[in-house]
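Structures for review follow.
Here subunit A shows up in two complexes: once beside subunit B, once beside subunit C.
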Partner chain A sequence: MTVDTHMPYDEALARFEPVLGLETHVELGTASKMFCGCKTTFGAPPNTQVCPTCLAFPGSLPTANAVAIESTIRIGLALNCSIAEWCRFARKNYFYPDMPKNYQISQYDEPLCFDGYLDVEVDGRTVRVEIERVHLEEDTGKSTHVGGATGRIQGADYSIVDYNRAGIPLVEIVTKPVEGTESLAPDVAKAYVTELRETLRSLGVSDVRMEEGSLRCDVNVSLMPRGASEWGTRTETKNVNSLRSVERAVRSEIERQAAILADGGRIIQETRHFHEDTGVTTPGRSKEEAQDYRYFPEPDLVPIAPDPAWVATLKEALPELPSVRRKRLQAEWGVSDLDMQAMHNADAFDLVEATVAAGAPAADARKWWMGELARRANESGVALAGLPITPAQIARVTELVASGALNDKLAREVLEGVLAGEGSPDEVVERRGLRIVNDEGELSAIVDQVIAGNADAADKVRSGKIAAAGALVGGVMKASRGKADAARARELILEKLGVSE
Partner chain B sequence: MSLIHKTAAELGALIAGGEVTAVEVAEAHLDRMAEVEPKINAFLHIDRETTVEQARAVDARLGAGERLGPLAGVPIAHKDIFATADMPTTAASKILEGWRPPYDATVTSRLRAAGLVILGKTNLDEFAMGSSTENSAYGTTHNPWDLTRIPGGSSGGSSAAVAAYEAPLSTGTDTGGSIRQPAAVTGIVGMKPTYGGSSRYGLIAFASSLDTPGPFARNVLDAALLHEAFSGHDPMDSTSVDAPVPSVVEAARNADISGMRVGVVKEFGGEGYQAGVLARFHEAVELLESLGAKVVEVSCPSFSTALPAYYLIAPSECSSNLARFDAMRYGLRVGDDGTRSAEEVMAMTRAAGFGPEVKRRIMLGTYALSSGYYDAYYGQAQKVRTVISREFEAAFHQVDVLVSPTTPTTAFPIGERADDPIAMYLADLCTIPSNLSGNAAISVPCGLADEDGLPVGLQIMAPVLGDDRCYRVGAAVEQALESRWGGSLLSKAPAL
Partner chain C sequence: MSAITRDEVAHLARLSRLALTDDELAHYATQLDAIIESVAKVAEVAAEDVPPSSHALPLTNVFRADEVRPSLTPEQALSGAPAVEDNRFRVPRILGEEA
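Here is the complex of A and B:
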């Protein structure tokens, strides 16, 4: 494999202007496939979720999944699209062993949703990514190529096909070309996919797992020389399986294309593959020997004609979208952009919001989730939401602190107990005996004991060196294993030693 | 009269009345098949044991008091393009030789449920592409009227089986005339229901937007009984019409057409039409008038463009529908010796498995859908299709039914048009417009052509979901002609 030359990013940006385009495929989380009743469970044994229709047996016919159509319309609405009042499925014809019918039922010139946008925040700036179309189609089966070096069909000894995925509803979301992003192009691409993923998640239409392929992204990049007005030839990079890869793939393509163009070369319109390990793209199938898909309207299915009144009710019932929600939460919680970003990155909004809803002050809820709990999640390598503790439990802990029953140190111990499976916060307090000592007699006895055992410090205090009381307070805290009320202990010490502040 | 000469309605009544058993009826037909099949070759698959077993099961169901329809125990032959779970289904193609579907077509399963007994699977032009059954990969079928002639096509096995008294009923599919033309040239009744009126589920697709399952029978009432038994909405077929089945049986029993407005399609006649065909057709029109119908001439100028439009739309759809035959999951596989790629095996299999007419249409369709040609061919053909539908609609504002000869000629000799696809395509000149618009149309016998003594069919076309009108007019013509002839037209056929 030849290694492409890459131009340093800053130099590439100085000479060329990047134009982006993103095509995202989302597997819908419907219970059954797009055109038959087969289940869609991920990870089932190969070829166990198949039937005559999704295996394209002679005489079988497709029937459209109404939930998938509804989900697609909801996605379109969330992306501010217009919804077609009448549209058809179309056949995309090409031969490939993992496509049982040797045509894919898709949509061509009549997408279900069109002309929308998604606003994304990058570097404190709002970038509007315009959506060209959102359409519904079916997924193909999954080929595994065995033998050969690349894991691709070229050079493989043999290939095996799992048709479980064939016919799973797939929504394709295509942006219009995104211009003017300049050096932020990779960040805009990443922010777009991130925002799109959250939007889809909030709609509950897909589990949007990039690593399992339920969200797949193709990144189109072209460059034009500074001062030019015509776009350059674009490449389409596939196999971009994480948010970070989206960013890296864009950056790498910009650097690669810039080196070619600067050298007087020309960009070949082709599909490229991104390699996670090396961070570069390599060529796939060339689009210049263009596939002619011979699209025509699917005669086995009737047109989709969503009733505008029904579409209006779907729009009405859309959940609060992530960007709107973030603005609301920031106002409610009164936190900085930086804190919002940290919570966003830690996927903490739901948890903090639920903790607040359970009665905790926003500042406390955020403090615990983003502090102690984030640290523990990080240590054990799980997501925050994966910790065995609930927002209601956190709220209870903050309540105990506010009432004076716990201090921060004890509260951390309570959380530790809850995480260790010792029960609710109250049970942990009870079992570990963590309540602050506020029995005056008990505290008095501890103070006497500490004064007796630290005659030097006591004398210093008596002689007016009040600062020396700190050591005695420390002694009380130690003797009470942290459960004493430090302020009251200090008052008692000074009183017993006959001094006042 | 022997059992094989009885109508389906009569057989149903005899079985229901306990006068004969379904097994006896099935065996009588199986015996007839054994006797004449060497001459006719209507069947691709016969399995006496399975048939008798089915008949026995129907007898048991009836014996147990189960209420089945009026055709319970009546035997039927299915065009070998309908999936049958207990018999091979090949579409008369080498590419599906020996293939056994794991399921029944909706038509098949509904008729099973109604107690019909399957005699076997009938021959057809490969994937229903043709007008003579000469395109079958398993040999041609012979017309019972003259064994040197074609039985029509593509459902030629089904028409021949019924005309030869091998089966009282059969199923066919009509994409461009594949039920009406074979019915016409064998002297029987064949009906193309409204598109979507009968389910396509389990019917191996030729051209999805045109394919329509329908009945063959020796008389109009039997056809209506069969039509009613398998029709109606099917959730497995999105294009199936969700509306009540037109009351076709009632219409077939009510032969009164007085006051009905009948339109004669001006464009169907003249050059290219056999004189004997036109003579019988004109007599039939006069007959309709004498029965009280008001006859007017109706002009449908766009019908002359139907044939070229059809030969763009049907091949386009078939080029895509037949892509699934790729050796990967079922059917023939050629060249898989461990050295060849999947792509090579696909190509070799398709080269070996498809016959010349199927390849011709796949190539035509692939070309018509190609980028740069789509608008000029497929797109233009769809526009023609819309114009034809509008002309039908306009015509049906003026008249209740339209009539024409079913075919321009009687059955032609085997081999005559085999090397001339255009001549072959002309056999469907009068039938294709109804496929493009999706309306109902029937062919009923209207006499023998003077020059060759072969059957002529009268086509009666009705609006979408006006299927009952076809049966009503068909029954009126049948009743009047049979009383004139002193029996059915088929009774004039030479003995086999």
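Here is the complex of A and C:
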């Protein structure tokens, strides 16, 4: 495999203007497949979720899944699309063993949804990504290539195919070309897929797991020289399996194409393959000739004509979309754009919101999730939501702090106990004996003991160097294993040493 | 004069993975031409007020509920396959070496 020359990113941007396009495929989370009743469970043993229809046995006929149609329309509505009043499925004909029929049932010139947009926030500004179409099709089977050096299709001796995935409803969302993003092109691409993923998640139509392939993204990139008015030839990069890869793939393709164009070469319209490990793209399956899928209306299925009244009902019932929700939460919590961004990146909105709903002040909920808990999640390499602690438990800890029963240090110990599986916050407080020492007698005894053991510091305080009291307070905290009320301890120390502030 | 050329038949044959001889290409060009001509006759009678039809049934919105039905067993599914490996359909090399 030859490694292509890449031009440094800044130089590439100085000489060329990038134009982006994104095609996203989403597997819907229906119970059964698009055109038959087979299950859609991910990871089932090979060819256990197949039937005469999805295997294209003679005489079998497809029937469209009502929930898949509804989900597609809801996606279109969430993306501000118009919904077709009448449209059809089409056959996309090609010979490739991932579809047993030798065609894929898809949609061609009559998509179910069209002409929408999705606004994304990048670097403090809003970029409107226009949506060309949202259509419904069926997923393909999964091929494994055997033999050859790399396990790739090139040079393989033969392939083996599992059709469990063949026929799972697949929604394709295609953007219009996105211009004018300049050096932010990679970020816009990533922000778009992120926002799209959250929108789909809020609709509950898919589990949108990029690593399991239920959300897949193809990235189209072309460059045109500065001052040119005609777009360059684009490439389509597949196998982009994470949000970070979306960004890296766009960047890498800009750098690669710029080097070719600057050298007087030309870009070949081709499918390329992104490599997660190296962050570069290599040529994928070559298209032996211009794509010629000979689409025609699918004769085995009747047209879809969504009743406008029903579509209006679906629109009415859409959940709060992520962008709207973020604005609402920011207003409710009164936090800065920067804090919102941090919570967004940490996937903390649901957790903070649920903690607030359980009674915690927003500032406290945010402080714990984004501070101590984010740190611990990071240490153990899990997502925030994957920590074994609930929003209600965090709310209880904030309540204990507010009531004076715990200070922040003790609260952190309580959290540690809960995370270690020692029970609820109250149980951890009980078992570890973490309540603040409120008993004046006990505290007074500790203070006396600390003064006696730190005569130098005590003398300094007596002589008026009040700052030296800090060491004594520290001593009290240590002696009480953090359970003393530090402010009260300081009062007692000064009182006993006969000075006042 | 033939509307379908031999080149077009060759192109279709390639897309369909059919190996046709020169004689067959000429033969099918003539046949396909006759088919296209026959179909074109429909256009002569179709008036402006007759919308194009892609289906014999005047139906829309025929859907099934999203309910799971039993699948075949892998043994049943693979019983007609020419070659099987690891409970998967084994197929010949997909791309040639040049790809």
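We adopt the following convention: the second predicted complex is superposed on the first by the 462 of 501 C-alpha atoms of A that agree within 3 Å, B and C clash if a C-alpha of one lies under 4 Å from a C-alpha of the other, contacts with A are read in each partner's own complex, and residues count from 1 in each chain.
Quick note on the criterion: a contact is a pair of C-beta atoms (placed from the backbone, for glycine too) under 8 Å apart; a residue touches a chain by one contact, two chains touch by 3 or more.
In this text the structure is predicted, and so the values were computed from the model without any measurement.
Colleague: Answer with first, second, both or neither: which of subunit B and subunit C does A:D162 touch in the superposed model?
Modeller: Second partner only, subunit C.
Colleague: Per the contact definition in the header, classify A:T30: touching subunit B only (first), subunit C only (second), both, or neither.
Modeller: second
Colleague: Tell me which partner touches more residues of subunit A in the superposed arrangement, subunit B or subunit C.
Modeller: C
Colleague: Touching A:Y103, do we find subunit B (first), subunit C (second), both, or neither?
Modeller: first
Colleague: After superposition on the shared chain, which partner residues are touched by A:T5: those of subunit B (first), subunit C (second), both, or neither?
Modeller: neither
Colleague: Quick one: is A:R91 in contact with subunit B, with subunit C, with both, or with neither? Answer first, second, both or neither.
Modeller: In the superposition, A:R91 contacts subunit B only.
Colleague: Have a look at where A:P52 lands relative to subunit B and subunit C in the superposition and call it first, second, both or neither.
Modeller: both
Colleague: Examine A:I304 and indicate which partner it touches, taking first as subunit B and second as subunit C; both and neither are also allowed.
Modeller: A:I304 contacts subunit C only, not subunit B.
Colleague: Looking at the overlay, what does A:S336 touch: subunit B (first), subunit C (second), both, or neither?
Modeller: Touch status of A:S336: no partner.
Colleague: Going by the contact rule set out at the top, does A:S60 touch subunit B (first), subunit C (second), both, or neither?
Modeller: Only subunit B; A:S60 stays clear of subunit C.
Colleague: Overlap the subunit B and subunit C contact sets on subunit A and report the shared residues.
Modeller: Residues common to the subunit A contacts of subunit C and of subunit B are 52, 55, 63-64, 93, 95, 97, 159, 161, 292, 294, 299, 301-302, listed in rising order.
Colleague: List the residues on subunit B that touch subunit A in their complex, please.
Modeller: 82-83, 89, 91, 96, 99, 101-103, 105, 200-205, 207-209, 235-239, 316-317, 319-320, 323-326, 328-330, 342-343, 346, 366, 369-371, 374, 378
Colleague: Would you tell me which residues of subunit A are touching subunit B in their complex?
Modeller: My answer: residues 52, 55-64, 91, 93, 95, 97, 100-103, 159, 161, 290, 292, 294-296, 299-302.
Colleague: Considering only the defined contacts, which subunit C positions touch subunit A in the complex?
Modeller: Per the stated touch rule, the residues are 11, 14-17, 54-55, 57, 59-74, 77-78, 85-95, 97, 99.
Colleague: Quick one: in the complex, what on subunit A touches subunit C?
Modeller: Touching subunit C: residues 30-32, 36-39, 45-52, 55, 63-69, 86, 88, 93-97, 143-146, 153-163, 285-286, 288-289, 292, 294, 297, 299, 301-306 of subunit A.
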